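Got some structures for you, see below.
Consider the two complexes below, in which chain A is the common component and chain B and chain C are the respective partners.
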Partner chain A sequence: MQDASNVDSQLPTSDTVAKFDRGPETLKSKLMHIVYTAPAVVPLFVLLAAIVIFGLLLGDRFFSPFALTLILQQVAIIGIVASAQSIVILTAGIDLSVGAVMILSSVVMGKFTFDLGLPPAVGVFAGLLCGLICGTISGYLVAYWKLPPFIVTLGMWQIVLAANFLYSGSQVIRSQDIAEQAPLLQFFGSTIKVGGAVFTYGVIFMLLLVTALSYVLSQTSWGRHVYAVGDDPEAAELSGVNVRGTLISVYALAGLICAFAGWALIGRIGSVSPQAGQLANIESITAVVIGGISLFGGRGSVAGTLFGALIVGVFTLGLRLLGADVQWTYLLIGLLIIAAVAVDQRIRKASL
Partner chain B sequence: MTQSPILSARGLVKNYGRVTALDNCDFDLMPGEILAVIGDNGAGKSTMIKALSGAIQPDEGEVKLDGQPVKFASPIEARHYGIETVYQTLAMSPALSIADNMFMGRELRKPGFMGNVLRQLDKKEMQRVAREKLSELGLMTIQNINQAVETLSGGQRQGVAVARAAAFGSKVIILDEPTAALGVKESRKVLELIQTVKARGIPIILISHNMPHVFEVADRIHVHRLGRRLCVVRPDECSMSDAVALMTGAKSPDGAEAA
Partner chain C sequence: MNLKKAGLAGIIAAAATAGTASAEGSVCLITKDATNPFFVKMAQGAFAKAAELGVELRSYAGKFDGDHETQVSAIETCVAAGVDGILLVASDTKAITSSVQQARDAGAVVIALDTPLDPIGAADMTFATDNFQAGVLIGEWAAKTMGDTSDAKIGLLNINVSQPTVGVLRNQGFLTGFGVDIGDPSKWGDETDSRIVGHELSNGNAEGGREGMENLLAINPEINVVYTINEPAAAGAYEALKSFGREDDVLIVSVDGGCPGVQDVAAGVIGATAQQYPLAMAALGVEAIATYAATGEKPAATEGKEFFDTGVGLVTGSPVDGLEQLSVEEGANLCWG
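Presenting the complex of A and B:
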């Protein structure tokens, strides 16, 4: 070994280490490069293509301000929950408890206001705090006890859901009662109409949330740390990133966002229902995956998640308007999930 | 040796259960020099380096920086004192850009409202500094400061890691096996890089198994054996085979510098 490495001292020293021999830029390599640098363009392209295709098939029934904003209303809750899921998955984690935390938070808002007779604002605050606490507990277990996020949040899911049913006694707080006594709980159900387009406050909140998260993730050091922790936690630690603090803050923020989703859920369905939103965790993971965020962490964007959620919404409404069996929606979504993960694998392979 | 050492250690002891990794170990790094640390596997050289860089805390003994006793609770604390370590694994986030990696954990924020209130990073400034640091070290073959680290070759990654250390390491730079994973040409480039950093007056601790590399760049060679400093030799007064004999125990030190 020593003899072999002796030779290298005679090599010319002016040589460059390596040049970038990209070769002639083909269309395919250009496309690969775009997909690599901005993975969100793939779901955006699928979304636009889906809108165009359904628009051609259905005409004005689909391609109207009313129908398109209806899609936004239908994906608002999942979009908010999926934003929370996104930041967790960016750290190479997963949060299976998002749906349960959302429901428990909404139940706390309702029960504190109606059973304890507190002002609605206090009830809402308590609900938000509830989500924050649930997220912080998960984050603490992941960051300090080094438990796998899948297991921690699987447990939290069961615990929170059971707490929800025990605390609420599976009782629904009726929509009329809320509208009369505590309209603040239905705040996110209020609408702004622009022509035929209808925007609920929940939709606006989702769009603002995605914008804010995109900013924070790309423009602040906390955001860079989230990506670094998801990419390689040991390297991040050695580079001086507070890995534990970053993880706890991510899960805590995700819990808080889920609580906001719970508040928006009351606005969407009108009532406080312990049975609502049971599929939110699976649907949020679906949106994240279709949106091009890598389940291995460190890659993807919240904008992609929004596109992912909208793709699901467009397929759902479009196929329903076409009169197709709802199972076709699930079938297509399943295909999209697998295709999205295949693209992610290609990107990761190209990067190694 | 009239100068006083910039970084020194006396009587370091570290036990892992019943295994003694450091047995009354001494260490001296002089200003502006490249000190190579060689030793057989298990001799305890990485434990010593970890004790100097804050990654572990010795059970006994004292570390002095510029003559002042210091205790590092973590590598981050050692960094605050100007001691930068380039780990064998490089400690970089592959999916993030060169500039992001260089400033990881010590990002620059924009001045004024955007930085103080909205916490916005000053990406332009970070890119400018990163580009400047890379070109100072002659690493201009890296064209795009925003390209992900994983798109770089092994030698380029090493170059970026060394540049990061050189950019922030004001007192000491520790390089752990910088050429172990590299090809012949790339190793050459990294050795040049080490000389460039030295020329800027920053002393370097180089841990390596590669004797030709060690003999080429080192001013002094610290031979580590059985958890302590066996001796310090000069590459021009000692042959490679003697150095190997010393570190494997086939030969005992007899020079004046024996410790």
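Presenting the complex of A and C:
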């Protein structure tokens, strides 16, 4: 505590801003402060620890450019979808339709190109538009009709998935046909090899997307509005934020990103498969939660989501290389989810 | 309110008409899901046959492969409707047996299609591909194509952790055909042969096939023979091999015989596939129930087997000596989906 005379003498100095009394700086409070201001630190630490542990257990088989970049390839699709999920969850919403939108978009790309005979670029554009429209509809219902995001996207999930099966008739478009007639659809499957490391364009796209979203969310007014809307929509409204517009733009962008994920998915599995990606919504929410984004909105970062997706990828491949039963992977991921939310609750309490 | 009442009355009316099933015979078809082309084709075969015989057919499906609850309620609905027989592709072959028993007690003949129940005798009869034989055919083909199998490094892309009967039979058939001691025939994963690199799970789709293959290559990059549960998984595995530049020196074999799969055989993606015949399976099933409704006679098993074998054909673009094989053209004429 400071005595009164001390306070008085400080008042005139204009560059001293009013500060909260944070008490003595203990190690714990310092840690809490770091975690509060940069929530991605926790998943990053878990990720690095997991890589080191599996590296020690498995040696070169795991700790090689080949295996580590393989993990990147394996999480690319979920990483992209989870980025879309992140921005929605930052507004205190949720999008259960991400996987379905991804698949429908990829089917539209394939069907427009192969059944309607349009140039592949037009097919891709139509697929991206499809994702954008799906997202915009969800956003409109959330923003203007004030329907809960969970319900809106639960409905959209069913509608979009059913539309996908009705439109595609469950028919697969084969990889070889795509490679011959419309290689553009497999664009994200192309690879760059650096030594033993293999990067697909899908992986590079994921990394660029996360970088771009991180920048936009932290450095632009739109990004700050997303956080503000998620933290407290009424306060945001009162301070002049266009809450409805922000919500619609977030869901629309999420839909568009999912469509890109659909394009990347064609690159990864080669074919257009209406039955792929069924678990993408759950897996994306898992990555977001492990990545430290608060389901209550307004806090977290897209980088955290990327770490969350990578943690799942590292555990999955690491445990497979160790020869463990796959159920152990699910069990550990379940533990991580609960631990992540527990950490989030602690931070929320500390911040009140 | 009025609308709700009208809706309710409609449901009751529908249930009432359903209760008085027609005299010519009525059949329920219950599949694992309504999206897999295999089941889509199966339903088509069943509806075509039902129309031909003048039999009433209702079709139900789980929401997804593995959706047990929906199948149970479908059986209950069929029993309530008083159908003569049920054609069932079970998702959970053990758990469904008590519901099947209730249907049989109520006087319906239950025929398991494609997937035998556990135990197989829980259904009146099973109309299925001999999945073990299907595995043996591709196993023998792979062994004969390689010649010397002592350097084989085998990767196995199975379906999922629950080890469904179909998956086990195909896997064990393949290993037996290839010349590997399978240990306990009722599960995969207990083999001790050092030529086996590992079992991975593909969920029977391209995504899972690719990830499973990547994991196998991470375990041992020198894999040269890959068994896959079905052709979508095989196509996914091929994509993984392609990204490592290994697509030309690995032999992929599969089971199913869907049209995209046969095209993949033609293109050299898949070395050989064992083709099954879902259209025939469903059509024969509808016929058997119509016969039962008319005469009370239940279908009989194929001689020497516990079930009615609907046949399997080995489709390959590079035939080997000493095996009965179908050319790609023949396979394409018989393919489904």
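Everything that follows uses one rule, which is that the second predicted complex is superposed on the first by the 329 of 352 C-alpha atoms of A that agree within 3 Å, B and C clash if a C-alpha of one lies under 4 Å from a C-alpha of the other, contacts with A are read in each partner's own complex, and residues count from 1 in each chain.
We adopt the following convention: a residue touches a chain if its C-beta (ideal position, glycine included) is under 8 Å from a C-beta of that chain, and two chains touch if they have at least 3 such contacts.
Source: prediction; values computed, not measured.
**Q** For A:Q327, decide between first (touching chain B), second (touching chain C), both and neither.
**A** After superposition on chain A, A:Q327 lies in contact with chain C alone.
**Q** Does chain B (first) or chain C (second) touch A:V194, or do both, or does neither?
**A** So A:V194 meets neither chain B nor chain C here.
**Q** Per the contact definition in the header, classify A:G169: touching chain B only (first), chain C only (second), both, or neither.
**A** The second partner, chain C, only.
**Q** Should A:Q219 be classified as contacting the first partner (chain B), the second (chain C), both, or neither?
**A** So A:Q219 only meets chain B here.
**Q** In the overlay, answer first, second, both or neither for which of chain B and chain C A:Q275 touches.
**A** second
**Q** Indicate the residue numbers of chain A shared between its chain B interface and its chain C interface, in ascending order.
**A** none
**Q** Which bits of chain B are touching chain A when the two form their complex?
**A** 75-76, 79, 85, 87, 89-96, 100-101, 104-107, 109, 118-121, 123, 141, 143, 148, 150-151, 153, 155-156, 159, 184-189, 192, 210-213, 216, 240
**Q** Where on chain A is chain B touching in the complex?
**A** Going through chain A, the ones touching chain B are 2, 5-9, 11, 13, 15-20, 215-216, 219-222, 224-225, 227-228, 231-232, 234-236, 238-241, 298-299, 351-352.
**Q** Touching chain C in the complex: which residues of chain A?
**A** So the residues of chain A in touch with chain C come to 61, 66-67, 70, 73-74, 165, 169-172, 174-176, 189, 191, 198, 200, 265, 268-271, 273-278, 317, 320-321, 323, 325-327.
**Q** Considering the complex alone, what residue numbers of chain C touch chain A?
**A** 34-37, 40, 64, 161, 198, 200-201, 205-207, 209-211, 214-215, 218-219, 232, 235-236, 238-239, 242-244, 260, 263-264, 267, 269, 337
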